[in-house]
Structures are given as C-alpha cells and as structure tokens.
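Structure in structure tokens, see below.
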C-alpha cells in the first residue's frame, strides 16, 4: 500500500482544495494518507460549534478571534479581490459539482485519511484540544509526522 | 533512471523560475520529469495566439480575462512593488543570461519534460484544450499525477 | 540513516520556522538533513556584520538594500498587519520558549544540518560569498541539490 503525507501549512481556500483533491484521490485508490496540520492550516480543523473550556490569556484570545474557525470561510491566496474572487471560485466549484472543503474533509475521513494537529502550533496560538473538530485523529509533534513521511512514497508541503 | 514530479500550483514568476530550473537541471542529467499544472499554474501553458473554439459562459469569460495568458507576463510573489520588482528581476535574469520562463519551457520540452494539465482546474476555470500551448502533453486527472509521483524519487509541490 | 532535504525558497518568518522545526526534529533523531537556500530564502543566511568586498553594480546594490539581511527581521507571510501580527508571533514564540530563527539555525548547525546556498540566486541578486554567515557549508548549483534529494526519503519545497 502506497503512502502519502501532506504538511498542511497553508490555510487558504485554493491550497486546501489542492491538498484535499490529492489526498482524496490517493485515499480512494487505497493509499494510506496522513495530513499534518501546522501553522495557518491548524485552524481549518477548528469546530465553530465548540468552545475552549479553559480561559485563554490575552494573546490566546486575540489569536482565537483572528484565526479562521473551521473550513467554511477561507479565502483564495491569489485574486481574492476583496472577496469577489473567492466568491467566484466558490460559486464555480459548486456549479461544477466540486465539493466544499468541509465536504472533502468528510469524504477524506470516510476514506481513512488521518488528520493530525501540530501540538506546537496549538501551544503558540493558544488553541485547546476541545476546540477542534471530531475529525481530528491526534495532536502530535513533528516526530510523528517524520515517522510517517519516512515511510511514504510521496511527501508534500502545501 | 531517477524521476522527479512537480505539482505546479503557483503561477508566479519566481516560483515558475525555481520549478523550471529544478526540472531542467534534472532532465539534463537524464531524469524522467513530469510537471502537473494545476490551479494558478494552469494558465502558464495557455497560448496567447490561440482562441477557445466553443463559446464560454460568463464565469468562464471572466476567468479567461483575469488569468495570465501564457508565461510572458508573470509577476513576482514577493516584492512585485507595482511591477518594479518584477521588471528588476526580469532585467537581471536577462543580464545574467538566465532564460525567460518561455525559453526554459522550450528547453524542458526538448529535454523530454512531460507537461500535464489538471483537467479539474480546466473545468472550474472554463479553459478549453484548444487554448493551450502545443507544449502540453496531456490533460489528466489527479490519478495520473499520483501514478507518476508514486514511482518518483523526488516530488515537489510548488 | 534517513535523509531529508528542504528547498528553502521562501524568506518568511512562519515558513522559516516550519522548515527549521522539521529540519531540527529530523536532525535530532539522527537524520541527515540538507537545506538548499534559493531565491527569497538565500538572504536568510546573510550576516549583517559582514560586507561585500567587491563593489556592486546598481542592481546589485538595490537588491542588497531591499533584501533581508539575515534571519532577525523576517515577516509573516500572512497576517503581518503592518508588523503587528509579526510582533505578536515573535512575542508568543518567546513566551512559549520557541527559539528565534537564528537560535534554531545555530541548533541546526550543531546537529549537523547542511546549509547550501544556490549560486544562481547569488548571481541574479548580486550577492557575494563573503556576505554570508559562517553557518553556510557551500555555494552550489541545482545539481548538488538533486543529488541529495535523489537519495532522501523526504524532500520538501517550502
């Protein structure tokens, strides 16, 4: 069984779409797929319906407010044009029957894609485990990513 | 024979240059090289002298106008500075005998680099096969990319 | 011994941090790690206390002034917010005992990470060997990078 890992560093709509299409394409062909969400990618897996149980410090609250809350309000990395480009792209994805990022993540989960969150990013951004989507498999350090990457045929940084 | 694949996601001058230098360096040493153009990378292979034969819908026309038309008018991803940085970089590349992106693509073709276009991106952006440069080898899905990447020693996402 | 290579194309604070954390995590586990600094990544290894010995032409002087001078004044690729986001991130890294990029580079050197500079970028940007930090192992072309990547289990473009 071939293996794919992705370091999901970016939190942009277009890069998320590319990552999920590659991940789901591989998983649908029987590959073992691991995505390691770090830095701007981490907030993609926040669940907007969950709240942090422990009080946050000032910086943690600021990061919490400024970072995206899940995959539903992402922007394009290029041609966002105050939101117009992003709206165009979302409309177009819908018209062409391309799923939303949320829909692609749900498919990925069903296909067995493993979702890992970088614990160092959580620490820096003041994010708590309880804020994340149930889709998340584990909260891990870079060593866990490297173990997976070492055995994989394909490793991408997106 | 070693193998290299590149997912060419970006359409920026600097990232295109990096990709082509790595691709041509590998191909010149006898590597088997495949570049899969997706998202913003796809328009790099449009041919400004060709026209779409079928009428486009409104969104398709808008994407067609806003996207780059081939590799001759790209911008830097950083320090574009309203075009000044890009002009500086182009002037410098020329002064140092670094070829243009178009020139590097032609070299790549002669060295046997394979140019693949992501058919999902074409669908979303409303691009038609007849708009693309003769340099393109094929219009394919992510599965074709994964088949190549699985067998390659080096896989990059740019 | 497993091997990791990174093409360090970006010069951003956040991407540098990701690269150094992955590199040092691997090196601390005994991996052989090579980082090839190209394009915007190259100035990260300039030493602000060193000066170019040979006179530069106008373009070389302009690049020299506009490019970062070492790893101490980098910006975030996202949410820089006129420097506020970058300050927040730096403060947070410090509060959470995450080292600076400079500190992580010094750790990397001790762990045996190999620092290579892309000679083509030097040529385009008019940078001279004597301007770089003592941390640099060598000034090389893309062929040297490809030789390392060919043998490595994990190759990333950041």
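Note that the chains are named A, B and C in the order they appear, and that numbering of residues resets to 1 at the start of each chain.
Keep in mind that, in the parts below, contacts are C-beta pairs under 8 Å (C-beta built on N, C-alpha and C of every residue); 3 or more make two chains touch, one makes a residue touch a chain.
Because the structure is a prediction, the values reported are computed rather than measured.
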Interface numbering overlap (same over half, different under half) for chain B and chain C: different
Rotation, 0 to 180 degrees and nearest 5, that superposes chain A on copy chain B via CA atoms: 120
Chain B and chain C: spacing of chain centres that average the CA atoms, whole Å: 26
Shared-contact residues (touching 2 or more other chains) in chain C: 155-157
In the complex with chain C, residue positions of chain B that touch it: 2, 4, 14-15, 17-18, 21-22, 25-26, 29, 31, 78-79, 85, 88-89, 91-93, 95-96, 98, 153-158
Interface residues, chain C side, partner chain B - complex: 7, 9, 11, 38-40, 59, 62-63, 66, 120, 123-125, 141-143, 145-146, 149-150, 152, 155-157
